[in-house]
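First chain A sits with chain B, and in the next complex the same chain sits with chain C.
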Partner chain A sequence: MSWDVIFFFVLAAGTLVGGIATVAAENPVHSAVGLLVSFINIAGIFVMLGSEFLAVLQIIVYTGAVLVLILFVVMLIDPENLPAFYVAQPLQRYVSLLLGLVLLLEIGAAIITRTAMEAIGPHSPAWIESAGGNIQAIGQVLFSEYALALEIASLVLGVGVIGAVVLGVPERLGRMAGLEKATISLGHSRGLNPQLPAGHKFETPMDIPAERYDVPEGPRRVIMTKSADEYKHPGETAQGTRR
Partner chain B sequence: MELTTNHFLFLSAALFIVGMMGVLTRRNILVVLMCVEMMVAAVAITFVAFSNETQTVNGQVFVLFALAIAAAESAVGLAIVVALSRRGKAPDVNEMQALRD
Partner chain C sequence: MGDQPIWITFIVTLIIMLVLLLGMAYTTWVERKILARFQDRLGPTRTGPAGLLQPLADAVKLMGKEDLVPRGADRKMFLWAPMISFVAAVLSVSVIPFGGTVEIFGQSVNLFIADLNVGALFLLAAGSIGTYGIILAGMSSGNRYSLLGGLRGGAQVISYELVLGFSLVGIFLISGSMSLGDIVAQQKQTIGIGPFEIQNWFILSQPLAFVLFMIGAVAENNRAPFDLPEAESELIAGHMTEYSSFRFALFYLGEYIAILIMCLFASTLFLGGTAGPGADRFWGLGILWLVLKVVAFFFFYVWLRATLPRFRFDQLMGLAWKVLIPLALVNVLLTAFFRLLANGQVF
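So, the complex of A and B:
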C-alpha cells in the first residue's frame, strides 16, 4: 500500500465519521462540530486531487464563514424551542434508510460499470505548470470562458445578502422607517376594532369599506382575509392577533 | 492497490447519502441546513474527481460557483430561521406550515 492510498482512506474515514456525527448528534452544536471535521477532511481530499485553491476556499468559506454563521444562529435560538430528537415516526427512519441503501446501490452500480474517460482535456499538468500553478490556471479559465457566469454569481450573492438583511430586520425598525404602510392578515375580519360585527365575510379584501379596516390608533392598516370565527389558534384570543 | 477516480466517487456517494438521510430524518431546521451543505460538498468532490480524471479545470470552476450559491442559500435560510424564532416559532420542519393555511 502506498502512502496516498493510506492518506485517502484516513481522509475518507474522517469525512464519513464527521458526516455521520452531524446527522446523529442530538445537540446542534455537536452537529456543527461534526460538519467542521467533515469539511476539513474534504479539503484534504481536494489537495489529493490537485486543486489546492478549492481546498483553501473550502476552509475559508465553509468552515470559516458558513459554519460560524450557523453557530451564531444556534446561539440566537431559544434552546427550549428546539424540537425533540427523533420524535418523528419510526417509519420515516426506516424508509429513509431503505432509500439511502437503494440509492447507494444504484450509484455504486453506475460507478463500477462506467468506462473511464480518457485524459483528453486541454489542461494537462504541463499546461498548469506553464500557467504558474492551480490558482493561475483556474483564474485564466474563470475570467475568460466563465466571465458572464461570474457576474451572475456575484449578482446572486448580492441578492442573497439583501434578502437576508430584509428578512432579518426587526419589524419595529421597519415601522420606524415608515416602510410598512399596511399588512394583509390571515386573522379575523374585525381587526383591532371590537365594535365591528363578528363573522362577517368579505368577498375579497378590496370589498372592505375603508372605515371597517382602518385602525384609528394603530400604526398601519390591517387588511383581513378571514372571519374571526374561522381563525382559532391556541393561545390567541379572537382579538389582538396582530400587534 | 492503486488509487483511482472510483474511490473518490464512492466517497462522494456515501457522503451524499449520509446528508440525504439527515435531511429526511431530522426535524431541526438548522441540522437540515447543515446536511444540505454536506450534500453540496459531496457533489463538489465528484466535480473535482472528474476534473482530475479528464484534466480540465472547468470542473473546479463549477465547484467555485456551487460554493457561491451554497453560501447565499445558507445566508437566506438562516435569516428565515432568525425571523421565525423572533416570532416565537420553533425551528421545527414539521411545524412550518404558515404558507399552507
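So, the complex of A and C:
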C-alpha cells in the first residue's frame, strides 16, 4: 500500500469519526467540535486530490466562519433549557432520514456514473494544467459555465444579508416606517405611584425625588408602552382621572 | 525551487521552528524593554545583563506552577484549547519564504518549508483555526469572564479576517498569484523614479491595502488597541483567566508567534520579503533584511500598544464593517480597473 492510500484512509476515518461525533455527542458544543474535526479532514482529502485552493476555502469559509457562528449560538444557550435538541420530533426524524437517504443515493449515483460507466467529466488534470492551475481553472469555469448559478447563489446570500439587517435593527426601521410598537422600561419615571405627576422627558434618576421609588417588594414589572409618559397605571384613563 | 531530499526539509523545518520559538521568547523581552522606555521605566534589569535572561526565567517559573482545572470546566476541551491556538500559530510559518534555493555545502537547499500555490490564503486559514483556541477556551472554562472574552475574540477575528482577506485581493490582482514565493519574486522588478531605480514593492502600488492590512493584522492578533478579548480592566484576562502553568504559556506562545508570523507576512507581501541591498549576492543578507523588517513591524506593534487607548466593542465592530471593509472593496475595484487599463482592455 502506498503512502497516499494510507493517508487517504486516515483522513477518511477522521472525517467519519468527526461526523459520528457530531450526531452522537450529548453536548452541542462537542457536536460542533466533531464537525470541526470532520471539516479539517475533508480539507486534507482535498489537498490529496491536488486541489489546495478548495482545501483552503473549505477551512476559511466552513471552519473559519460558518462553524464559529454555530458555536456562538450554541455557547449562548444553556443545554438544559433545550430538551428539543436531544429528542427530535417524529416528523423531523423521518424527514431527516428521508433527506439523508436521498443525499446518499445522489452521491452514489454520481460515483457510479463517473467511475463504473467511465464517463469522466471534461475537467481533467491536463485541462487544469492548460488553464494555468487550480485557482485559474475554478475561476474560468465559475464565471463562464456556471455564471447563472453563481448569480442565483449571490442573490440568495443577498436576501440573507438583508434579512439579518432587518432582524438586527428593528427599532430604527420601525421608527422610519412609523410602526414602532413599544418601548420597554423597567422603571417608570413615576415609579408605581400613579398620584405623582409624570416626569419631564430625559429625566435622570438623579433628578427624581427619593419618595418616588416606592417600588413594592417582589419582581419588578416590565412596562411596555410607546413612550414612558404614555404609560397608564391600571385604572387610569387618558385624562389622568381615576375611575 | 529545486527538489531536495526530505531530510534537508526536516533540518530546515527544525531550524525555522527553533528560531521561531527563541525569537518569540525574546520578542517578550523586546516588548517589555520598549514599553518600559515609553513609560519612563527601565523594564527587566535583574535577570542577566540588561534582563536578557528574563524570558528563560519566565519559562522556568511557568513550568513549575500547578496545572489547575476549574471544577466547572469542560475538562477535555479545557485541556485541548491552548494546543489548538499554539499549533495553528506554528503551522503558518511553513509558507513564509526566507529566500530562494541556495547551495550549502554542495547541497541545494530551499530556504522555505513549502511553496504552496495558495500560500497567502493558507496563512489566513491557519489564523481562523487559531480562533478556535480562544473560543473553546472561553467556553470550556466555566467562567463568565472567559465566556465573554471568547465571544469577543470570535466576533473580532471573523470581522477582521475579512478585512485582511480583502486587502490581499489587490496584491493577488497585480501579481497574478497567491504563492508567497511568486509575490516576492514579483516585487524584484524595478521602477525608475527620477535618477533612482527602486524595487517595485507592493507598498508603493497598494498603500491603502497596506494600511488596511496593518489595522486588520493588529486586530487579528488581539493586540492593543484591539485587545478586547483580554481587556484586563473589564474581563480580567478574558479567555485565559482560568489557565495556569504551561497551558497559559501555550496561549502566550501562540499569541506572540502569531504576531511574529503577521510581521513576516506583512514584510513578505508589502516590503519585498528578503529584498534589500546585497540580498541577491548572499542569501544570509536576505534573511537579515527580513529580520530587520520584522523588528520594525514589531516595534510598530509595541508603539501602538503604548500610545492608543482601547476601543469599545461596538466601535471595534463598526470600524471593521462600516469603514475598513468598504475601503477594502474600493481598493479592489480601483486595482482591478487600473489592471485592466494597463492591459489595454478598457477604452
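Quick notes on this structure:
Note that the second predicted complex is superposed on the first by the 124 of 243 C-alpha atoms of A that agree within 3 Å, B and C clash if a C-alpha of one lies under 4 Å from a C-alpha of the other, contacts with A are read in each partner's own complex, and residues count from 1 in each chain.
Here, a residue touches a chain if its C-beta (ideal position, glycine included) is under 8 Å from a C-beta of that chain, and two chains touch if they have at least 3 such contacts.
Keep in mind that what you see is a predicted model, and the values were worked out from it rather than measured.
Of the two partners chain B and chain C, more residues of chain A are touched by B. Residue contacts after overlaying the shared chain place A:Q92 against chain B, while chain C stays out of touching range.
Within the superposed three-chain model, A:T63 lies in touch with chain C and out of touch with chain B [touch as defined at top]. Of the two partner chains, chain C is the only one that A:M75 touches; chain B does not reach it. Look at A:E52: by the touch rule set out above, it reaches chain C but stays clear of chain B. Overlap of the chain B and chain C interfaces on chain A comprises residues 53, 57, 65, 69, 76, 134. If you check the complex, the residues on chain B that touch chain A are 1-11, 13-15, 17-22, 24-28, 30-31, 33-35, 37-38, 41, 44-45, 48-58, 60-61, 63-65, 67-76, 78-83, 85-86, 88-92, 94-95, 101. By the touch criterion given at the top, residues 74, 77, 116-118, 121-122, 124-125, 128-129, 131-132, 135-136, 139-140, 147, 150-151, 154-155, 158, 161, 165, 178 of chain C touch chain A in their complex. Across the complex, chain B is touched by residues 1-2, 4-5, 8, 12, 15-16, 19-20, 22-23, 28, 31-32, 35, 38-39, 42, 45-46, 49-51, 53-54, 57-58, 61-62, 65-66, 69-70, 73-74, 76-78, 81-84, 86-88, 92-93, 95-97, 99-100, 103-104, 107-108, 111-112, 116-125, 128, 134, 137-138, 141-142, 145-146, 149, 153-154, 156-157, 159-161, 163-165, 167-168, 170, 186 of chain A. On chain A, the positions that touch chain C within their shared complex are 27, 29-30, 33, 36, 40, 52-53, 56-57, 59-60, 63-65, 68-69, 71-72, 75-76, 133-135.
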